[in-house]
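Next come two complexes built around chain A: one with chain B, the other with chain C.
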Partner chain A sequence: MKILYIEDDVIDQKNCQIILNQKEDINLTVVDQFEKAFDFISKEKIDVLISDQRVGMDHFKDHWHQFLGIPYFIVSNSPDENLNTLLQPPLQLFQKPFQVEHSDNIVKKMESLKAEPNLSYAENITEGAPDLLTEMVFILKSQFEEGIDKIPYLYEKKNTEELIQVVHKLISKFSVLSMSESFSFFNRVEKCLRDQLTLNNFAYKRLVTDLQEGLNFINFYIKQHELHNS
Partner chain B sequence: MNCIIVDDDLFYCKTLQSFCERLDLNLLGVFSDPVKAMGILSEREDIDLVFLDIHMPDISGFDILKSNPKLNVVISTMDETKAIEAFDYNVVDYLLKPVTLDRFIRAVNRAKERLSGNGNSASYKETPAPNASDNTNPKEIYVNVNKRLVKIELDNIYIIEAKGDYILIKLIEGKNQVVHTTLKSIMSKLPENIFVRVHRSNVVNIKKIVDIEDSSILINKEVVSISKTYRENLLSKLNLIN
Partner chain C sequence: MQKEYILYLEDDQIDAIRFSSTLNNLEFKLGIVIKENGEEGLNWLKENPQNLPNIIVLDLNMPKMGGLEFLEEIKKNPLYNKIPVIIFTTSNNKVDIHSTFEHQIAGYMVKPFDHGDYKKMIELIKDYWDASALGHI
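So, the complex of A and B:
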């Protein structure tokens, strides 16, 4: 897991490094300014952002869309609960000093975000009607395929109006697949586009990645249940 | 009960269609094109209930509601921010996608009650659904707080602040309210000569302003900033002596 930590206090930096480096699969980068974090994420993909509240939050409030789709945690001497009302709120607020318990929480939280898609919703509403289930699964498949085809094209052409429509149509489909993180992310992207905020490259790529993940599951389901499109 | 479905999303057309069949509703048509739906709504008078999406290309669900104020409508949408606006049109129910069968049944039962005269349709039939834009001088507003519609007197509001997905309504008396909506959405419900945007994140009640400096306003013992973009508009709303 690739973590970017924004902190200008050298002691806090060291402390966090010591704790997080104890975990085998964590690759930590520390920067001391928010602007450096901007530069970093424009070049490299990260999985998690941890930020000191004071260094980060004024920027987050104004530039949240630059970090759209990147899960983040806040550390502070006095965590501000109001941050939970931000459009993209932190996953958790930690009281300084950063502790082993916090790093465990980050790992657990990130694990819980990993999507385990299912089609229980479609199975329930089509109970006793296998043909309808098949029909609905193939409709979903075509909508995900359409999204994967259209989003890069519309993004490149800067056709925001149509991009909003495509994203909007797909939001609730993630709910159908129980992919709650993707559901929230697509929701934020739609708000961001409607507010005419520019998507960052990370967010744009994640749109396609999340759709592909959903599509992979649908294809797996079709194969597993031997469904055939009539 | 005669009904139609208007939704541009094939997945939800199928979902609602299967629910209608399970409840033995008489489904007269499924329209992915809202323009065609407008056609049938103007031709037929025997449609008891419409399942209507809000966000559709060209024509929105609200356009259909405006043109057909006497329709019994169940909204089916994934947009949770439009509920208050929808209930201004006296819709029967507001369903969030993906819709479950239980929730669908409750909505149909509400529609049946209304059609049989036991629901809240009496005043609805006598007067058209209120349209916010027609209501130029409302004295109060209803906001959805934890699934309750709470009445707030407009004269009691001094500032409304944007807080991400929410707004904070600051009140002169009583507890401030946090509501899941946008500034833009609530402003469409407020008299524009009284509630004026002064900043990307702030709307003020100009009747409560104490004084104005270059870049700030004193209002109910609180100082808020005015951005240059909104300053001229604010001044144009005030009774100024030059």
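So, the complex of A and C:
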């Protein structure tokens, strides 16, 4: 698990490093400013963000949208419950100092977020109509392929209006595939784009990776059930 | 002649299948006619003046003519303006909600993620119809 920790206090940095380095399979990077964090995530994929609530003169609540799509936890001397009202709230607020139980909670929480795509819902509502299920599956395939194709192009061309439409149309498809995190994420991206908030390019990359995950499953399903597009 | 029915305006094929399959599974007595956008919906109404829908369920984001534009058109037409309209959309945008209620819609429903909640929403449409006086005329 790749974790990015934003903290300007050297003692708090050291404390968190000692605790998290005790866990296997954790790759921790520490930065002392939000700007450095934005730069880091624009180049490298991370799985989790841990951040102090206030870094220097900056407050996390003014920058949350730059971390859209990244699950995050806040560690603070006085955690602000108002952060829970953000469009993408923290998964948990921790009171400093960072402790072993906090790191255990992070691992457990991240495990609970993993959800495999499935088509049981589509199978259920089309029961007795296999042709309808096949039709749904191939439409989903086509829509996901189109999304993967269009999103990078629209992002590059800064065509926000059309990007909003593409993202909007894909939201409900994640419901059909039972991909709840992707459903929430695409919803949030649409809202941020409509509110003209700046998003880090991590968010745009994640739009494509979530679609690719869905598409990989759909292709696997087609192969497994030997479906054919009429 | 079409029996009593819902006119459902939705351009997305998956959402249309999902809606109609859920209705069928609930054994709703109303039939369903699906059109892909507001323009097709208006044309359908014009072509079927003796058999207008009992309820209109409407997505907002559609090509050619979106849901709000369709709503504005039917609400200014005395032939159609009494048909109850329910918005069924993924948008929970406050502007969308306020602007549609200003056109006297019967309800605004946001498509939920959870399948159980989705089915309950469709059941609400069914229950609304069963309970309303319009269903018993």
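We take it that the second predicted complex is superposed on the first by the 225 of 230 C-alpha atoms of A that agree within 3 Å, B and C clash if a C-alpha of one lies under 4 Å from a C-alpha of the other, contacts with A are read in each partner's own complex, and residues count from 1 in each chain.
Simple rule for what comes next: contacts are C-beta pairs under 8 Å (C-beta built on N, C-alpha and C of every residue); 3 or more make two chains touch, one makes a residue touch a chain.
What you see is a predicted model, and the numbers here were worked out from it, not measured in a lab.
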Chain A as common anchor, with chain B and chain C clashing or fitting: clash
Contacts of A:S180 with chain B and chain C, given as first, second, both or neither: second
Contacts of A:T85 with chain B and chain C, given as first, second, both or neither: first
First (chain B), second (chain C), both or neither touched by A:I18: neither
Partner chain in contact with A:V10 - chain B first, chain C second, else both or neither: neither
Touching partner for A:L132 - first (chain B), second (chain C), both, neither: both
First (chain B), second (chain C), both or neither touched by A:V100: neither
First, second, both or neither for A:L140, with chain B first and chain C second: both
Common interface positions of chain A, toward chain B and toward chain C: 121, 124-126, 129, 132, 135-136, 139-140, 143, 165, 168-169, 171-173, 175-176, 191
Parts of chain A lying in touch with chain B, wherever the complex brings them together: 82, 85-89, 121, 124-126, 129, 132, 135-136, 139-140, 143, 165, 168-169, 171-173, 175-176, 191
Residue ranges of chain B in contact with chain A within the complex: 8-11, 14-15, 18-19, 55, 57, 78, 97-98, 100-101, 163-166, 178
Chain A partner contacts - residues on chain C that touch it in the complex: 12-15, 17-18, 21-22, 25, 61, 90-91, 93, 111-115, 118
Complex contact set, residues of chain A against chain C: 121, 124-126, 129, 132, 135-136, 139-140, 143, 165, 168-169, 171-176, 178, 180, 183-184, 187, 191, 194
